[in-house]
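Some structures to go through are shown next.
Paired with chain B in one complex and with chain C in the other, chain A is shared by the two complexes that follow.
== the complex of A and B ==
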């Protein structure tokens, strides 16, 4: 265990929580030496649609970290007040969910407050407003970044527990754990990696659609290569969610087995 | 409090101050915990030995250290009062403490950890690091001794806090049950302690443990080796319970052994069985007498 965490820490030091925006060619460069032709082919296809990638640290929190940065950056660039108000309402709903589930308020309120603070600060025109550089800086600062990640973990766990009947079959497909055990062992602890269950729950809870582009070595039987993606569209039933008609996710993540990074469309 | 000294912007400090506040506004009779004035990352605590166990009536002091990364990293716990279950001045090896950091989660708190610690006391240590496996008699003796005085530990300021906590716990704690040596080791004594009037009170005491009200919390506490839990005792659910409101009643509530209600039931069943048997015998006798009258007593055999 100690050795494992030592290795993890060492690996993690190499890359900040959230990296710089890099051209997509840097992704290809990663696979140049002895890389699989399928991957190179796929990256070529990707580069037709996507311009850049922003890497995140592979510390088990990469999905939440990627989501955090991509979402806040989107608000910073779009200055979409309506979206902020909408997500705020959903955050309040998540707070009520946790209260109903019996979480003591003090165990989650700091995390909620810190997220809302970041959300407010990316909207320009107030004293608290921050720039893109500041957003990057904060996302690399553990005392902000980990708190926002943990906020998302609370939201995800609350959503899964609230709709445990819906999530149960998916969780049973992953492990033999109960919904409760799953949240306890795979959602709430920091550093636990995310799966489609986490993504679905977070997307539903906040009402934010997420596109995940898959980059792996798989190819079609006939030898043709295409890049698959999956859109996580929030269920319409959830309050204030965009509904199923929200077809164009503004968050795109690149998934390579075991890791998520942020993708930027052209 | 020393709040002024701390950077309230520091998230760990903010969280810890909130826990102190929460702890003070929802006091429990089962435990008490406060940080040192000069360092809120250093806490003292005392827990009450769980009822219906050899620890009942004991007051066990200990020390908690919160890491700078709290609540992302777990607190560490150490007992100071000899108790026969955990070594003193040795970090306790539970999944809630920092021997198993991978199990800790920020939705837990010092309160959660203390409730778990109480629940773990009567469980089988199975050779876990820092655990002791004293006999029930030894543990009971230590429980009695634990009430005499608080342990001596650390700076005068810490000692003052320990003494304050001890006084508070003594005002709330039930006495160590009077158990004769023959009973101390027994597991199924039936007759002697059947003070049945205690049973009805005990029945409404099996509600919720203070601090365990929240089902999600208790479900999430993991024992380090769950499979080693003795089958007849769920370590998470503490059988004894005390509504925190009326400390006066608790002394009474704490007393009855958990077997008492069952004994009452047993006794009732016994009498019912005896009654039924008598009735059947009477009926049979009547029948036989009748049958005898017709000379058909041994029909089958003849």
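== the complex of A and C ==
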């Protein structure tokens, strides 16, 4: 067990927390040598819609890390102040949720503060403003990157506990654990991989839609190949605008069994 | 770098409701990354009536990395080494989270005293006994609690005498006992490592 995790850790070290933006052709290159034809076919379909990929380290935090970078990069490029104000209100709501659930303030306050600091810094025009280059640098710096990942883990756990009746059936589908046990063992520890439960909870809590594109070996019975995706759309009543109207996610992640990377549409 | 501000807040929080929880944490000497915790043995267990001291070291990566905890008080339990005091508990390893605190970790250790997991043992000998001869296990655990976890009921002079008889000079024994709050196990450990 220990040896296995040591090997995993060593493998993970080779990729930075957040990689460089690469053309989508680099994805196909991965599967050139003996790759499954279905995968290559799917990558071809993907390349019609997506231009680039940014890889993240496979250390169990890849979903949260991908979300972190994709979100902050979106704000940096769009300079969407309304979105920043909206998400900030949701963050405050998450803070109240954790307080109500009985988390001691000192366990989460530093993580909240650090995320809000990053959010502030991607908005241009102040002394604290940062460039895209600096954002990449910070995302690779453990003392920033891990704090933001942990911030998302707190937010996710708080949302699941707050709406435990809603999440319970989904959690029972994954494991025999109770909601409480699930949060303690599969959400709050660093390095625990994310499932649709985590994604739903984070998307709902922050009110940010997320598109996940699935790349696996599955194909239809008639042999035709298509690439599936799922949009996680935040539920209404969570401080976000409406709920029934279709929101176009500005965050797209590529899911390959066990791992998430960031995708860039054309 | 250990987050020292957080550790300070943890100590304050833990010591605020010590009357309710019975869980104590205090820095060992001047260094805040080396602490000593204590937990009362849970009622209705062979550990009832004992107070167990736990040596706590905070690694550089705290609170991302778990605190290192080890029983200083000798204890007879399947998941705690009867030799070294090493603890086998998931939250002190890969299930640790920055959402946990020294206090919640010590509460989990206390819960472990109530609910041993002999199938995932730290001390194979104790675990065997627990599974095959439960009555003897209970007897031994209770005896160890009497012998090692209640030692602090001795008067200070008796403790001094005990340690002096082991061959340590009296003035050093007194100052050491004082420094560790009168715990003779800790004092002995300190004297031996000095």
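As a working rule, the second predicted complex is superposed on the first by the 261 of 266 C-alpha atoms of A that agree within 3 Å, B and C clash if a C-alpha of one lies under 4 Å from a C-alpha of the other, contacts with A are read in each partner's own complex, and residues count from 1 in each chain.
The definition used in the following text is that a contact is a pair of C-beta atoms (placed from the backbone, for glycine too) under 8 Å apart; a residue touches a chain by one contact, two chains touch by 3 or more.
Since the structure is predicted, the reported quantities are computational estimates derived from the model, not experimental observations.
After superposition on chain A, the partners chain B and chain C collide with one another. By the touch criterion defined above, A:222 lies against neither chain B nor chain C after alignment on the C-alpha atoms of chain A. Residue contacts after overlaying the shared chain place A:101 against chain B, while chain C stays out of touching range. In the overlay built on the shared chain, the residue A:146 is in contact with chain B and with chain C.
Comparing chain B with chain C, the partner in contact with more residues of chain A is B.
Contacts of A:114 after superposition: chain B is touched, whereas chain C is not reached.
In the superposition on chain A, A:180 makes contact with chain B only, while chain C stays out of contact range. Put simply, of the chain B stretches 1-9, 73-81 or 181-189, the part that bumps into chain C is 73-81. Overlaid on A, the two complexes show chain B and chain C touching the same residues of chain A, namely 103-104, 106-108, 110-111, 146, 150, 154, 184-185, 188-191.
Residue ranges of chain A in contact with chain C, taken from their complex: 5, 103-104, 106-108, 110-111, 146, 150, 153-154, 157, 184-185, 188-191.
Residues of chain A that touch chain B in their complex: 1, 101-104, 106-111, 114, 143, 146-147, 150, 154, 161, 180, 184-185, 188-191.
Here chain B touches chain A in the complex through residues 10-11, 14-15, 18-19, 21-22, 71-72, 102-109, 111, 213-217, 219-220, 222, going by the rule given at the top.
Across the complex, chain A is touched by residues 3, 6, 9-10, 13, 63-64, 90, 94-101 of chain C.
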